[in-house]
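In what follows, a single structure is set out as structure tokens and then discussed.
Order of writing sets the labels: A, B, C and D. Residues in every chain begin at 1.
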Amino acid sequence: MILLAALDGLAYGSLIFLVAVGLSLIFGVLGVLNVAHGSFYAIGAYVAASAVLAAAGMGLPTWLAFPLFLVSAVLVGVVVGGTVEALLLRRIYGKEEVLQLLVTFAVFMILEDAQKVVFGTQPLFANAPMNWLGTVEVFGIFYTSYQLILIPLVALVVLLGLRWFLRRTRFGRAIVAVTQDREAAMAMGIDATRIYLFTFIIGASLAALGGALSSATTSLTPGIGSGMIVLSFAVAATAGLGRIEGAAVAALMIGLGRSAAVYFAPEFDVLIPYLIMVAVLLIKPEGLFTTVQTRKV
Amino acid sequence: MSRQYLIGAGLLIALVAFPLLSPWSTVILTVALCEGLAALGILVLLRAGQVSFGHGLYFAFSAYVVAFMAAAHLGHEVLLLVPIATAASGLVAALVGLFIVRYRAIFFGMLNLAISMVFFSLLEKLFSITGGADGKRVPRPTLLGMTLERESFEFWMFYITLALAVVAALFVARYLASSGGKALEAIKSNETRLEYLGVSSRKVLYGAYLLSGLLAGLGGAIIALVSGHVTPELAYWVRSGEFVFIAILGGVGGVAGPFLGALMFQIIRGYAAVYAPETWHAVLGIMLLVIIFFAPSGLYGLIAGRRRASGEAAR
Amino acid sequence: MVRTKLAAALFAATALLGLPAAAQEKPKELVVGIATFLSGPASVFGVPGKAAADLFFEEINAKGGILGVPVKPVYVDEGAGTNQLISEYRRVVQDQGAQIMLGAISSGSCNALAPVAEDLKVVNVMWDCGTQTIFEEGKWKYSVRTQGHAGAEMMATLLYLMKVKPDFKTVAVVNQDYAWGRESWALLQAGLKALKPDVKIVAELFPKFGAPDFSTEITRLSALRPDVVISTSWGGDLDTFVQQAAARGLLKQSTFVLPLAESSMERLGAVMPEGVIVGSRGDHYFLHPKYKNTAEMQAFVKAYKAKTGAYPIYPTFHMNQAVTGLVKAYEKAAAAAGGKWPSKEQVIAAFEGLEFKSLTGTITIRSDHQGLEDQMLGTTRRVPEYPFAVYDKIALYPGKLVTTPLGEKSLDWFAKVKPELVKDKSIETFDYVK
Amino acid sequence: MSGFILEARDLELRFGGVQAANGASLQVRANERIAIIGPNGAGKTTFINLCTGYIKPQSGTVIFAGQDITALSPRAITRLGIGRSFQIPQLFLENTVIENLLLALSAREGSWSPFLKLTRHPKIDEMWALLEIVGLKDTGHRIVRELPEGMRKLIDIALALALEPKLIFMDEPTSGVSSHEKFQVMDTLTRALDARSTTAIFVEHDMDVVARYANRVAVWSGGRIALEGSPEEILSHPDVRESVIGEVV
């Protein structure tokens, strides 16, 4: 039973990881908690589903959906994410944290309605990619290969890919440098504007990729973004904002915790992510002087 | 300082007169005042540089206390329900505050969010107790022992709320100008120095947190009474975000700001509901962006002029 | 200086006055406020409901309106949250002068709006919400419901399940975690105990409303292998659940009972297999075996499809019942008032005992303001004419048979239901005919 | 009682491979005025941070008036009677000068009534007297952010003085003050310290100031007090002249 629950938690956790790691990355580099992140997830899902349905309408083969997911994600990241960063966020770096948060809150409100106008309110789904991959049997129970194998695999690739990118490439190292010490990085001549834009696009694309992957298993309805954002907040905060491996662990914790709850305490499954988040934040000693210590006196 | 009073007085006169001109607006204005109270709580925290994305917790908690008490006929009286429910929220704030004042910035915001979401989930989940997502009805209580018809109840509730809001605003204004209020601002500008003055920034923030919880609780208690219904949505993070929205929209420069903001929020929402019923979120979002980029000191700042630039001496 | 400051401060308040104001003494037009979901997950019902309302009112206005008074619909978004809904509702009545309110879809909204309607003394037609408790536990002078309630819907569902699959032993339920999901299950459970005392309930799952993922629930069901899986979910939740369950073979393993599936059938398309028990909260169906070929039905389906690109689903029929009921109530009230324009009180009084024909069956309004509505269930079948599943092995339950009798509470009534009801003679049956 | 008002014993601190304090010890008698000198970047500020609880040493103890304060927070240490001014002034930049000072006075008095406006503080006369000491009476109503660094440094000192500490640490008190005003400021400051019998420890780079105002000099080098003595002794010591004052001997 526990194993079965774990298998479900894996897929769920992987999906949350994809969204949360983008959020975490953006926070680490830009210092902005992006409330509109859930909207990128939702738009990614809608765009991917529309693309898959359109491709199916043209009689194109189903496997094409997988590259389409990637294309949709990048498209959403560049077009929507890029626009938000270049047009709005860029103007408020260095201003109060509250204002940055509220700008993304405003973007969230606008994008939520934009989704409805563009994609309508009727549930939309494109499950062909999930069915195309078939099912696998574990202890007499059928799982879709899509959820059991593909989604965790993508999450793993993203995790390893990000690690490689941030550690081994010049651009990635520049991003890490900015995360660790913004002023020093600027002083070393790192082009912050480019880094910020690029990071935001990566983060938004990852959220959109999460959305694209979920579009094959989930019926898309207005409001899917606002549930996801709180969940990814929980993961990012649990992990410590800006931590990639941490986000993976936290997402898995939340995914498994929720699955376990469905078995053992179904009344509490929705509480699990928040309880984990509260518990971790409380135990982690982020008290007064650990945060102020960085201040030179 | 006189400016603050001028704006407050102007707003007050407008509010006193308004329901007499347009009776249907009393409930909307009362709702605006309630949200203004919660946003006033946010303003207090913003002075310390802290933003809470979870004050829906206190708003909803007192609202549910009112709902449960009214349903159980425990003190079926406004003058009893409101103070008890507000105090209940204050009690929760006192408990949560014990550990939350150790956190700053994003962690402060996130922890507030997480706790309010726990409460929200519980309200939804404990169906048999809370009525789940559909919430609970709040039977209309008596006012000063009188059983009132809807219209007169709403009328009196509005003026009572207005009076409470004025008292709250004056108190907060006084508090912010007092040594405690300045110590609160000091948390934002230089917490290290505050500690080196021998002041416990946690204690200072604790007081402010308690106050903000009470203010949000007061707003929540009244909103439960005037709308006659409570739902978990009152504790949802988007609602908490709206309080921050209102505080920024109105401006954090003075205590009239949140009420100006709440009024404007209701006006925009009212217009949007009529002319763009399917996209009123977007209208609000655009409005928020306009304020942030073109009038960062909010409506209050627009009216009060460039207070900061001219310096505190000008007050 | 002082004056300009004051003026500036007054600005916000005076802007409120500018809100569109229109109160009328004699109706040049009849303003009808309609509370429906324009945002949020339930807009899957709300938006079709609005589209249908637009069509019906256009049609009525083309004929000169109600008693010669043109109708102006004003929409209020239920998705904005209950508190906001209440204040919008008030605004439409008090400021825009609505005489009639149609509210609402969610049972929570209806519960919240009924007392408001009493306060405002406005005719409130509950056009879609299903909670049976409204008129069983409360008495509302100004509210009326032009369709059946959850009791009737669940009773018909139970009777149909007993009829087509009498030998099941284990049942699992997966309902949305809110009032509808909980209350409908409470009813079903009470009825199951009465009809089949030996049945075992192996799992009661209440995933969060709007959950994007049911994998864990499905895994549990796969392991438990219940004979019957019941879900009163709807909208995106139902789509997601059916889709994920179908992909993992669960739909073949257990008999699924989905009393609200009619509203998802077109969207689910090829996903929905044969042999699933489906319903539509009433006798609504664009392929209703008795009424699919009437001129009204064909005209409506055509107009609706032209407007929205989809086949009409049950909320559009509920809207039809509300609007038709309203017209008939006005006509009846006017006749009683000697041809004069009736007051709101006369209109609401006219609803009592009103009987009218909708696009499908006939609706009767009881003295407690509860409507009697026929209930129809079927089993899915795939046919070449449509790219989605259709009803087969249809059973039509008369509203009077399955609705809790006047003065009784549904839960009590369910607890004493007798198996004979399953084979009552008034139940009509049909097979799918092209 | 050891007879010392402050005693730091063998303070050790390492972070990231840097030995910031390496057995640092110092004994201070009441009413002494000790100047700490040393090369730039040698960690003089770290020593103050260790003594005032901002950083905790990995080993060693700090004793103030007979009480072990090593593990106490800056707040608790401040309350025991140790004041501090900073190398980079730590002020409430958005507030006026008088608000800054009145806040310090409120902290000392524990007067936090929410109904009393800060600017109506009962100790307002004392506040003006403090501004007099640092020679900034005219700037009282200005916002600190608008003031030049030198003035901020003086306000920073005034803030520490407002607490009426028994002992005060001053981190380069005259570094932002123009050279011809230095002595004037230090004169009033020392008068005030004498009047309150406040012990003072100050980090200083200007050897003229050290020579004139310190009655003992400690040389910080290699994470410890390497040398101690009267100003005459120390300032003429060849090692000191080379490494600290930077003169080629």
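Assume a contact is a pair of C-beta atoms (placed from the backbone, for glycine too) under 8 Å apart; a residue touches a chain by one contact, two chains touch by 3 or more.
Chain labels with UniProt names: A = Amino acid/amide ABC transporter membrane protein 1 (HAAT family); B = Amino acid/amide ABC transporter membrane protein 2 (HAAT family); D = Amino acid/amide ABC transporter ATP-binding protein 1 (HAAT family).
This is a predicted model, so every value here is computed, not measured.
Enquirer: Can you check which chain pair, B-C or B-D, has more C-beta pairs in contact?
Expert: Of the two interfaces, B-C and B-D, more C-beta pairs touch across B-C.
Enquirer: What chain lies closest to the overall centre, CA atoms only?
Expert: B
Enquirer: Averaging each chain's C-alpha atoms to get its centre, pick out the one most distant from subunit D.
Expert: Chain C.
Enquirer: Can you check how far apart subunit A and subunit C are, centre to centre, with Cα atoms defining each centre and the answer in Å?
Expert: Comparing mean C-alpha positions, subunit C is 36 Å from subunit A.
Enquirer: Which whole number of Å gives the spacing of the CA centres of subunit C and subunit D?
Expert: 76
Enquirer: Just how far, in Å, is the C-alpha centre of subunit D from the one of subunit B?
Expert: 43
Enquirer: Give me the residue numbers in subunit A that touch at least two other chains, ranges are fine.
Expert: Answer for subunit A, listing residues that touch two or more other chains: 113, 116, 270, 297.
Enquirer: Where in subunit C do residues touch two or more other chains at once?
Expert: Residue numbers touching two or more other chains: 38-39, 177, 208.
Enquirer: At which residue positions does subunit D touch at least two other chains?
Expert: In subunit D, the residues touching two or more other chains are 54, 73, 86, 90.
Enquirer: Quick one: in the complex, what on subunit C touches subunit A?
Expert: Touching subunit A: residues 38-41, 43-44, 46-47, 177, 204-208, 210, 212-213, 215-217, 219-220, 222-223, 235-237, 239-240, 243-244, 247-250, 264, 267, 271, 310 of subunit C.
Enquirer: What does subunit B use to touch subunit C in their complex?
Expert: Listed in rising order, the residues of subunit B that touch subunit C are 3, 6-7, 9-11, 13-15, 18, 21-25, 27-29, 31, 124-125, 127, 131-135, 137, 150, 223, 227-229, 231, 233-234, 239, 256, 260, 263-264, 266-267, 269-271, 273-274, 277-278, 280-281, 299, 302-303.
Enquirer: Taking the complex as given, what residues does subunit A use to touch subunit B?
Expert: It is residues 27, 33, 35, 88, 91-92, 95-99, 101-103, 105-110, 112-114, 116-117, 226, 230, 233-234, 237, 241, 267-268, 270-271, 274-275, 277-278, 281-282, 286-288, 291-292, 295, 297 of subunit A that touch subunit B.
Enquirer: Could you please specify the touching residues of subunit C with respect to subunit B in the complex?
Expert: On the subunit C side, the touching residues are 2, 5-6, 8-10, 12-17, 19-21, 38-39, 75-77, 80-84, 86-88, 90-91, 94-95, 106-108, 111-112, 115-116, 119-120, 177-179, 182, 208-209.
Enquirer: Touching subunit D in the complex: which residues of subunit B?
Expert: Answer in residue numbers: 171, 174-175, 177-183, 185-186, 188-190, 192-193, 195-200, 311-313.
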